[in-house]
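In what comes next, subunit A is part of two complexes: it sits with subunit B in the first one and with subunit C in the second one.
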Partner chain A sequence: MADLEVTTLHPWQELQRLAIGAVTPDFMAVYEVKQAFLNTVIFAFCGIFLSIVMGSVLAFFFEWKPVRLFCAFIRAVHEIFWALIFLPVVGLNPLCGVLAIAVPYTGIFAKVYAEIRQESDHSPLAGVPFQTHPISRFFYGVLPVIYADIKHYSSYRLECALRSSAILGFVGLPTLGFHLETAFREGLYSEVFAILYCFYFLIASLKYWVKEKISWLYVVLAFAFISKEISLSWGNVTRFFTYEILPWPMRREGVLSGTQDISFSWDQVWGWGQDILQTEGFAGVWETVVLTQIVLVGTGVLTLLAFPLVCRHFQQGFPKHFSRYILIIIRTTPEYILAYAFLQLWGPSMLPAILAIGLHNGAILGHLTGQNADLIQLRADAPKGKINRYFFEVLPRVYGQFLAFLFYRWEVMMRESAILGILGIYTLGFYIDSAISDDKMDKAVFLILITALLNMIIDTTSQIIRKRLKISTKLVTSS
Partner chain B sequence: MKKLIAGCLVMLLFSAWAQAQTLRFTAIPDQNTARLEQRFGKVAQYLANRLKVDVKYIPVKSYSASVNAFKNDQVQLAWFGGLSGVQARRAVPGSQAIAQGEEDQYFETYFIAHASTGFQPSDEFPKSIAGKTFTFGSKGSTSGRLMPEYFIRQHFQKAPKSIFKRVGFSGDHSKTIALVQSGSYQVGAVNFKVWKHELKEGKIDTSQVQIIWKTPTYVDYNWTVRGDADKKFGQGFTSKLQDALITMHDKTLLDSFPRKQFIKADNSMYATILETAIEVGIIEK
Partner chain C sequence: MFRLQDVSVSYKDTLALKNITVHIQEGEKVALIGPSGAGKTTLLYTLYELEKQSSAFVHQHYALVPQLSVFHNVYMGRLDHHRTTYNLLNLLKPQKKEIEKIYPILDSLGMAENMFKRVGALSGGQQQRTAIARAMFRQVDTLFADEPVSSIDPHQAGTVLQLITRTTKTVILSLHSVDLALQFAERIIGMRLGQVIFDMPPEKVDDRLLSQLYQPC
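What follows is the complex of A and B.
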């Protein structure tokens, strides 16, 4: 069902040039794009700060169903789609980039913060006097308990935000992706790798310079240095939300007569929606689901192959460290960039997308599963042979968690499958990108809503499966 | 914490106001997208000298981004393709096409094919391309998408997707040539100016890729300015701008486009493009 053809006639020739680029990075090129580098960091810091603030607030109301649905919705839409929505609203400026990160991340933070709070140890609350104000109860009874988890998760998200910020350049924002895309397109692989190496360095160095005590300083600096060329016009904002995203039949007469009036005819709007679904929506959903499912299985296989390479029960010393760094590099490269590179090499089919999403997620899950497997104490009579040890000792003990992680990433994979349509495979992203390039924002928004709905369905299904199978991402070390 | 948030918001708001009267322009990224800023920076310099206002070039990544920037008044002037110009002027009432390249009066699209297909140049529309893999340029391009799709539909009475084995969108014309030359796609549609330009620069290997058909001529690229430019930059600004464009004679500047020179244009010249776009279904009716 999937189209897996390699369409380029000389894929190895291009791969060879890529390899030469990898060993001859042109760091002068990075100097030329220093502003883009700075923007990448600034957008990420501003975006993450706003989403932590908003996410924390929403986390308090997470028991309330509308809030939960709202958060599920905003995180179901990929940051690139958010950028494509904000682009015509606020224009091509820093605010667009910051919002594209802040909005979906708010949904993620709200959910994760709420989960952390629910699963935390509630016993300290017993020591707080009964009539204490809820705010005081939170600050004295809850926050100290969950603070470490929150901090840990937020700093992990900062890394994600930097990746998001970088790839936003692929749709035109002034971050690293902008120049990366150009360099790839023109085949300037030495520039590509110089930029990538600097990006890896940035991510790897985070833990040395982003310290809790001075992180507020970075946020202030980020807001201070963000480009001041923001020309936000409320006219544009209202025009977009109250006019441009209205289905075409409602605007048709107004546009043709030049008055820009709105008319209501539900029959025609219904027909318009049906037409989009039949010509593009269903086809896009199908391709997206096919890709997602292939990637889900592929990621599972890759993870099972990769984790013993970084697990102390199978590898020690240099080989283990070497594999670990390889996994980190693959994980740090955004899947969008991987897919872009593979597409350049092999032409447009599902193959590049499968490899890109599979590798990226496989590296993440391989790393996590490896860490979990490291925690296992081998039984005294554990098999000595590595193959037997893998199948009869380690794998059964980490398998539940591995499945939980895999299903946890299911909706992430779907979001990525949809977005890669922008690069030319026929998933939902392709149709959304086409609608945007035809300047039909109504259709684009409609298709984005379908994508979000599909994502929410998969997310819910994944939760149900995890509950049914009684698997969780927490390791049961004593069994 | 509250102070921090308030501070950030104030800074964001301030930045919204801190904008001087600068003429901003953009150009659709139709070919060789490296070092756009250097290339168009010189054009900005030229316009600034002639018009006595600050002029800034805003780089964009896609055709639709240039249209959106124009809609949002982020740029007041743009070098559009035929289709993107029509889209932009439709969205911003009062805006005008003021100039076009001399070559834009009779623009062409070349259908090009990889040598392995065995296709030969012909005056007739090459019906044998059915069943091959085919790449357009950008989805929003006139010469790379709209016109070739129009002629393909005209001759096959079907949508491209049901004619070809695979349909792609390369993104820009240079990439279309590269993809057909490398055999990633067997057939492609490319802007004739870009083809000639790259041929002259020795970037095309004619033993691998050649022209198999040329479309009839049509009208294409244009400089379009927003209707409120006179109000913003002073009476008579639009005509001064038009004058500055059509008297641009420096070859290094014109090569950025690449055009021999610019001539006057107006909105009515692009009526056929609008009709074609409606027929193909890119613009709704």
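What follows is the complex of A and C.
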């Protein structure tokens, strides 16, 4: 059911040029895009700071259903979609990039912080006098217990924010993606790889320059840098939320008569919705689901192939380290950039998307499953041969966690499948991008809502499956 | 002061206390003894629930915050007596006034030199003494303690129990060590299978009663 056709005339020739670019990076080009590098870091820092603050506040109220639903919704929409929404509202300025990262990450932080709190050791609270003010109770009895986990997760998210920030350039924001897209389009692969290598270096060096005690300084500097460039017209914001995103039939009379009058003809609005669903919505959902499911299976297969390469029970020394670095490089490359590269090679079909999302997620899950397998102590009678050891000793013992990780990433794969439509694959992102290009924000927002709903359905299904199978993503090996 | 009349407590399908009647007067030093699963902890918690605000509790598993210092864990005993801003300030920078109050308590328990060490880095015995210090710092008239000296060596256990019984008006504790119970309590309640088997002064507790209490089920 999937379109897997290679439509470019000379894919192997292009691949050859790509390979040459990989070994002849043009680092002078990086100097020319230094501002884009800085912007990528600044957007990431500002976005992550705002989302940590807002996510922490929402995490306190996460047991309240409306908050849970709100967070599920904002994190279900990909940061590129948020950027496309904010572009007409705030214009092409840094605020758009910062908000595009901050909004979905707020939902993610609220959920993860609340889960960390829920799964933490509650026993110290028994030692807090019961009439203690909730704030004191939290700072003495809860925060110290969860702080290490919160810190660990937040720093991991900074890495994700850098990736998100980079790909925002693909929709026109002045980050690395903007220059990557130009370089790809012009076939300047040496420039592409120089930028990518520097990006890998940036991510790999995070732990050396982002220290807890000075991270606030980076945040202050980041806000100081972008504060000069931010401009916001409240008129635009109001117009967007109270007029532009309203279904066309509600605005038509106003637009035709040159006013902003709104009419409430529900029949026409219903017809408008039905029309979008029938012409584009259902097709987009179908293609998105097909792509997601192929990727889910593909990621599973790749994970099962990749994890023995980084597991101590199968590999030692150089081969293990080499495989580990390969997986790091693949997972550090944003799937959007991978898809863009494959698209240049093979033309628009599902194939580039399948490979990009599959490779990216396979590398992440391969690393996690390998880590999990490393924790296993082999039984005394474990088979000696690698193949038998894989099938009869290690795989059965990590399979539960592997499934948990896979279903945990299902929602992410769905988000990625939808967004890759922007690159010309007929998933929901394709129709959303087309609607925005045609200046039909009402249609775009409607389709984004469908995408979010689809994502929330997959997230809930994944949670139900994990609960039913009684599997957890925690790194604990089954005995 | 504490009155339980025909009280039963159950966890799901398990009856932990069966028709218990216990009256404890102010100023009494009571020890609960009995085999594991006798209902001692449940009885302690049930009594504690009656006067939570004016009592302190030393939990069997300490209920400490391993990531915080001994000082902060002890200070937690009086978190409800201070304004939130003061508590937060004290978390960031230990206040001299509080250090002066906490130091003598830790000193009496042989823990003064560990005052600013992280609790997670201490031994089980030191953690248990931190939990006792927190209960003492609460400065209330009633102290409940569930196996408060289980991780402390026998010699120091005696010193700690002496300190607790001397400085707090009413003490209700559960103990595995019958010798320590007989030595430091003024009233012994023997429990078995959720029921009170005997309730009498220590001098009346004899070997026959003890062997009846601890006989295998």
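By definition in this document, the second predicted complex is superposed on the first by the 474 of 479 C-alpha atoms of A that agree within 3 Å, B and C clash if a C-alpha of one lies under 4 Å from a C-alpha of the other, contacts with A are read in each partner's own complex, and residues count from 1 in each chain.
As a convention for this text, contacts are C-beta pairs under 8 Å (C-beta built on N, C-alpha and C of every residue); 3 or more make two chains touch, one makes a residue touch a chain.
This is a predicted model, so every value here is computed, not measured.
Within the superposed three-chain model, A:Val53 lies in touch with subunit B and out of touch with subunit C [touch as defined at top].
With both complexes placed on chain A, subunit A has more residues touched by B than by the other of subunit B and subunit C. By the touch criterion stated above, A:Phe223 is placed in contact with subunit B alone, subunit C being left untouched.
Looking at the shared chain after the overlay, A:Ile167 reaches neither subunit B nor subunit C. When both complexes are overlaid on chain A, the residue A:Gly141 reaches subunit C alone and has no touch with subunit B.
In the superposition on chain A, A:Phe130 makes contact with subunit C only, while subunit B stays out of contact range.
Of the residues of subunit A, not a single one touches subunit B in one of the two structures and subunit C in the other.
Across the complex, subunit A is touched by residues 1, 4-5, 7-8, 11-12, 14-16, 18-19, 32-34, 58-65, 67-69, 71-74, 87, 90-91, 93, 116, 133, 138-140, 166, 168-169, 171-172, 174-175, 178, 182-185, 282-285 of subunit B.
Here subunit A touches subunit C in the complex through residues 123-133, 135-137, 139-141, 144-145, 147-148, going by the rule given at the top. Residues 52-53, 57, 59, 61-68, 72-73, 76-80, 82, 84, 87-88, 91, 131, 134, 138 of subunit C touch subunit A in their complex.
Residues of subunit A that touch subunit B in their complex: 7-10, 14, 46, 49, 53, 87-88, 91-93, 95, 169-172, 178, 181-183, 185-188, 216, 219-220, 223-224, 226-233, 236, 248, 252, 255-256, 258, 347-348, 424, 433-434, 436-440.
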